[in-house]
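Consider the two complexes below, in which chain A is the common component and chain B and chain C are the respective partners.
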Partner chain A sequence: MSASAQLNLLDPTTYPSRRVEAWKYSDLARVLRDAPQVSPTANVGTAGAFDDIADTVVVFANGQSDEASFTAAGKQTLALRFVSDATGTAHSARYDVRVPAGSSVTVVESYEGAGSAYASHVRLTYVVEAGGFLTRIVVADDVADAVSIVDAEITLAAGGKLAQTVVSTGAKLQRIETRLAHYADGADARLDGVYVLNGSRHVDLTTVVDHLAANGTTSQLSKGVARDTSRGVFQGKIIVERGADGTDARMGHHALIAGERAEIDAKPELIIYADDVQCAHGNTVGTLDESALFYMQSRGITEDEARALLTTAFLGEVVDRIEREDIRERVDQWLTDRL
Partner chain B sequence: MLKIYNLHASVEDKAILKGLSLEVPAGEVHAIMGPNGAGKSTLGNVIAGRPDYEVTNGSVSWNGVDVLELDPAERAAAGVFLSFQYPVEIPGVPALTFVRTALNAQRRQRGEEEVTAPQFMKLVKEASKSLKMDFDMLKRPLNVGFSGGEKKRMEILQMAVLEPSLLILDETDSGLDIDALRIVSEGVNALRRADRSMLVITHYQRLLDYIKPDRVHVLAGGRIVASGGPELALQLEAEGYDKYLPTAA
Partner chain C sequence: MAAVKETIDTVAELERYKYGFTSEVEQEFAPKGLSPDIVRFISEKKGEPEWMLEWRLAAYERWLAMEEPTWAAVKYAPVDYQDLYYYAAPKKKDGPKSLDEVDPELLEIYAKLGIPLKEQEVLAGVQGAPRVAVDAVFDSVSVVTTFKEELAKAGVIFMPISEALREYPDLVRQYLGSVVPVSDNYFAALNSAVFSDGSFVYVPPGVRCPMELSTYFRINASQTGQFERTLIICDKGSYVSYLEGCTAPMRDENQLHAAVVEIVALDDAEVKYSTVQNWYPGDSEGKGGIYNFVTKRADCRGDRSKVSWTQVETGSAVTWKYPSCILKGEDSSGEFYSIAITNGHQQADTGTKMIHLGKNSKSRIIAKAVSAGKSDSTYRGLVSVHPKASGVRNFTQCDSLLIGKECGSHTIPYIEAKNGSAQMEHEATTTRLSEDQLFYAQQRGLSEEEAVALLVNGFVRDVLQELPMEFAVEAQKLVAISLEGSVG
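What follows is the complex of A and B.
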């Protein structure tokens, strides 16, 4: 069982440290030394940013909710609001979503932080049955000194489809982990991520994709910008098991360093046991193009505006892959507001 | 009026401009010619404020404003426009967005109102039509995948929309075939105005057949070593730059 699956915020012996390979860039045991108290219940007054486009809204206030699972039917949009409003305490939540054959569900998970120094852990399972289509949008907006862990386990049956986009601004330690299994033939997954980090924030986007059946496709594109003393971590593992012939898996991670003491750690891994597969990965870390910056300034665009415009354009490639226009526009605005 | 006095500039501690003085009155077009490595492009970059070009002595003023005190965007708002020898590709930013952002950024810096979308579209449509540009090209990311000629036309379009008062054309003819050269030159000539000065930097006389200068200056060894009328360009074409090069001692 993975360290993520064993994690219990109330039990420090379950905190993975950097000695656990999958957590080597995100040492939870160092950040969260002692077991925190359980968060009190919280009131959630305001409406969520995606409520108006959702058919169903489920709110978790410091982990507490009346609902534990959701089964989609037809075409639906579900907003899952994980609201943290606590100071120095911890809370956990879990939720299960089933996407039956022929249904198409869009889930917008928002992680909304208030208060300070809380620790939050959310565990999700998504079961996409044959021919089901899951669009998963994760908008992670934790406070700067929070610890926030989201781990999702997603399974795709034959012809199942996943389109996932995570956008994040990090936290003291924020990890958004997705473990995906292509259980049957012809499943299709897109797993994207965008992060914008300021101050000393830390984000860890970890994905583990296991191709267990033939003719599956995985397309991953993550991009981020790290400013000040922030740290962006991307870990992408793709495993193509014996017999998973015809797999087509592509992974890209590209980051901008925009602070002299900012750091990016990227660990792409392709582990291939099958024959006849197409796999590729690309990873780049760089800075904004100085000649482009000067060119823009020479036309009257201020340096700050030029940097923001180039960064937005850089990240925009990922956002543009969100199919639904209303969500794409909101995500785009959300990022623009944070640049 | 552009006034450059005793300008010294270095790049990575290497002195390139060594006491360059030059005046371009309003409404005039002056050509800067010279051998490779003379400092022609450095002059354009220093006036526009490129980082890493360090001014060690001298002054540059435009209409009485000390441009060396301004950052590059402020210089642009003050009317300075450097047309790049190799215009830079800006992935992900459509040309239209770029030009509108630049225009409004300049207007904000000058305390003017921003242009509305319809006003802007009208401006751009007129400019692109006179430059025989396909309007759809302006929806593509700026300069990405554009040919050499298209990039230069895009530069002229920006000049037409941004309406700078000092144009510096850095080797605008490089990479252009004869048809593109003619279209680009016509675009530049259409921008000649009594209150607008132009500095045309070129290695070859060819461009000056199309953009007729009022004065020609020879830049060699980091200084202006000769000045004259348009006939000087023809003389350089016939005789080369040899006599202006430092002789081996």
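What follows is the complex of A and C.
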């Protein structure tokens, strides 16, 4: 069993350290030394940012909720609000979503943090059946000193469709992990990510896509910007199993380092056991183009504005891939507010 | 008829690895197994200074406390370190003064290997033909080094490391283990304890080594591990191009080869290190073959120093090898060009590390992997930029080609940037041979195998171009031979 699947915030012996390869850049054992107390119950008074476009809203207050699962029917929007309001304590939650044939569901998971130094662990399972379509939007807005782990296991049946976008501002240690069992045969998956990091925040976007059958496609694009002393981690693994011929899998990760002491760690992996495939990954790390900055300043735009504009354009490419316009606009605004 | 065809195929298979002969050279062995006494035995055999023995014993102690690494994507039967000979040498009375005194049996082997050992042959060749100085290592000892005098005139020291330990102990002591410390990893510690020979190169300041230097490694004796140690020091403003080739007989046992190569490049120095690795890969059932567990590292200590690794990896049953560059000097640069071809049951986990410590250091990685048969090939690499290294540039390209349904090809890069001004690019692709191109080549009259060889040679061309001329021709042939039987 993987370290992620074994994790229990109340049991420090399950905390993966950097000696665990999959957690190499996110040393949970170092950040969270002792077992925290269980978080008290909390009341969530405010409305969520996506409530108005959702058909169903499920709120988890410090991990507590009356709901445990959701089965989509027809076309629906589900808002899952994981609200943390705790200080120095830990909580966890589980939720299961089933997307049957013929249904099309948009799930907006929002991670909303209040309080300080809490530890949150959310485990989700998604089952997308043949002909089902899941759009998953993850908006992670934890407080700077929180530990936040989101761990999703997605099964994509033959002929299913998945479109995922994660946007995040990190936390003391934040990891958003998605493991996809891709049963291909016409199934199509898109897994994207955007991060904007300030201060000493840390984000770890990890994806494992396992192509288990022939003729599946996967497209991944992640971009991020790390400022100050923050650290962005991208780990993307694409596996093509024996017999999964006809797979077309592409992955890109591009990061800007915008702080002298910021750090980017990337580990894009291809594990291929079938020969009739097209697989590629690209990874770049760099800074904003000085000549573009100069040009904009010479046209009367201040340096800060020029930087923000170029960064927005850089990250915008990922946001533009969100199909639903209303959500795309909100995500775009959410990011702009944080740049 | 089926049986007849099978026989023909089997015979044809046997011919494929043409270096798979053994030679009846009288050998001298140390007893099997590893212990402080064996370490002492080797050190004494080599007439080493006391500090060297202590260094070895300390390495042995470290090795005992270490565990064999298991992170590489390779599977192999465990090595019984007590069931190996750590020292095997062709018997000789006194060190040969000239080639005439070398055991003719040995010379025959090197003739079979196509090594231009005899100076006169080379000298009699076309005027202006490239000359290559050769150090030939047979099992545990270096048997012959050519062109020593001419090199000495230029001030270049090129000799077996065992000899260098006697003649230039201070120079060896200053640099040995300074790039790959004794405790670097399990195999490096083992090597430090028991290495018996290898090459030593010192190029003095401002000297451009007048010819290519070359070492041929040959494992001949059975149940013998080979642990060679190579140390290359390029002083300020100097240049050397070093070639390394290796072969072994066909045996149904797995033999261990655990070498360490250390390169030191001072200010403005440049080292070009080329390897054609053609150890016996095992038979078509995956029986036998060399375990090639090698630590190669270059320390670009000086400003504007440059080290370029080029490797063609076609042999060995299991390869575990990451020629690396520590780019300490300002404006230093590291290059890694690799072709890894696996067929049959071969497994290769290879790549490089580029550690950027110096300002404006640059690195370039071009890795091409071809997997066929039931083999597995992994590119594993690290590019890291440390906080004080501003202005770093890196470009990495890894391309993999799969031939057949039963092989695997994997790409595992690590990219770590800790400086805001770093510019790093990495791209990787995995595909199979284009049906269209194969069809086109066959339509023009090439057989399927010829067509595959042609296309693969095209695929790896970027790397082949980096090889010195003498190696490029050999490597090109090797690419075709390694892939024989992979189609149809």
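Quick note on the criterion: the second predicted complex is superposed on the first by the 338 of 339 C-alpha atoms of A that agree within 3 Å, B and C clash if a C-alpha of one lies under 4 Å from a C-alpha of the other, contacts with A are read in each partner's own complex, and residues count from 1 in each chain.
The criterion applied here is as follows: contacts are C-beta pairs under 8 Å (C-beta built on N, C-alpha and C of every residue); 3 or more make two chains touch, one makes a residue touch a chain.
Because the structure is a prediction, the values reported are computed rather than measured.
Participant: Just from the overlay, do chain B and chain C fit on chain A, or is there a clash?
Facilitator: fit
Participant: Regarding the shared-chain residue A:314, is it in contact with chain B (first), chain C (second), both, or neither?
Facilitator: A:314 sits against chain B, while chain C stays out of touch.
Participant: Between chain B (first) and chain C (second), which does A:258 come into contact with in this model arrangement: first, second, both, or neither?
Facilitator: second
Participant: Taking the superposition as given, does A:337 touch the first partner, chain B, the second, chain C, both, or neither?
Facilitator: neither
Participant: In the combined three-chain superposition, what is the angle centred on chain A between chain B and chain C, taking C-alpha centres, to the nearest 10 degrees?
Facilitator: After superposition on chain A, the angle is 80 degrees.
Participant: Figure out whether A:305 sits in contact with chain B (first) or chain C (second), or with both, or with neither.
Facilitator: In the superposition, A:305 contacts chain B only.
Participant: Once the shared chain is lined up, is A:276 touching chain B (first), chain C (second), both, or neither of them?
Facilitator: Touch status of A:276: second partner only.
Participant: According to the contact criterion defined above, which of chain B and chain C contacts more residues of chain A?
Facilitator: C
Participant: Would you sort A:266 into first (chain B), second (chain C), both or neither based on which partner it touches?
Facilitator: The second partner, chain C, only.
Participant: Output check: A:325 vs chain B and chain C. Expected answer is one of first, second, both, neither. What do you get?
Facilitator: neither
Participant: Would you sort A:285 into first (chain B), second (chain C), both or neither based on which partner it touches?
Facilitator: second
Participant: Could you state the shortest Cα distance, in Å, between chain B and chain C after the structures are superposed?
Facilitator: When the complexes share the chain A frame, the smallest chain B-chain C C-alpha distance is 15 Å.
Participant: Which of the residues in chain A come into contact with chain B in the complex?
Facilitator: Touching chain B: residues 289-292, 294-303, 305, 309-310, 312-314, 316-317 of chain A.
Participant: How about chain B: which of its residues touch chain A in the complex?
Facilitator: Chain B reaches chain A through residues 48-51, 71-73, 75-77, 81-82, 84, 87-93, 98-99, 101-103, 105-106, 109, 141, 158, 162.
Participant: Please give the residue numbers of chain C that touch chain A in the complex, ascending.
Facilitator: 71, 387, 400, 402-432
Participant: So in the complex, which bits of chain A are touching chain C?
Facilitator: Listed in rising order, the residues of chain A that touch chain C are 21, 242-243, 245, 255, 257-287.
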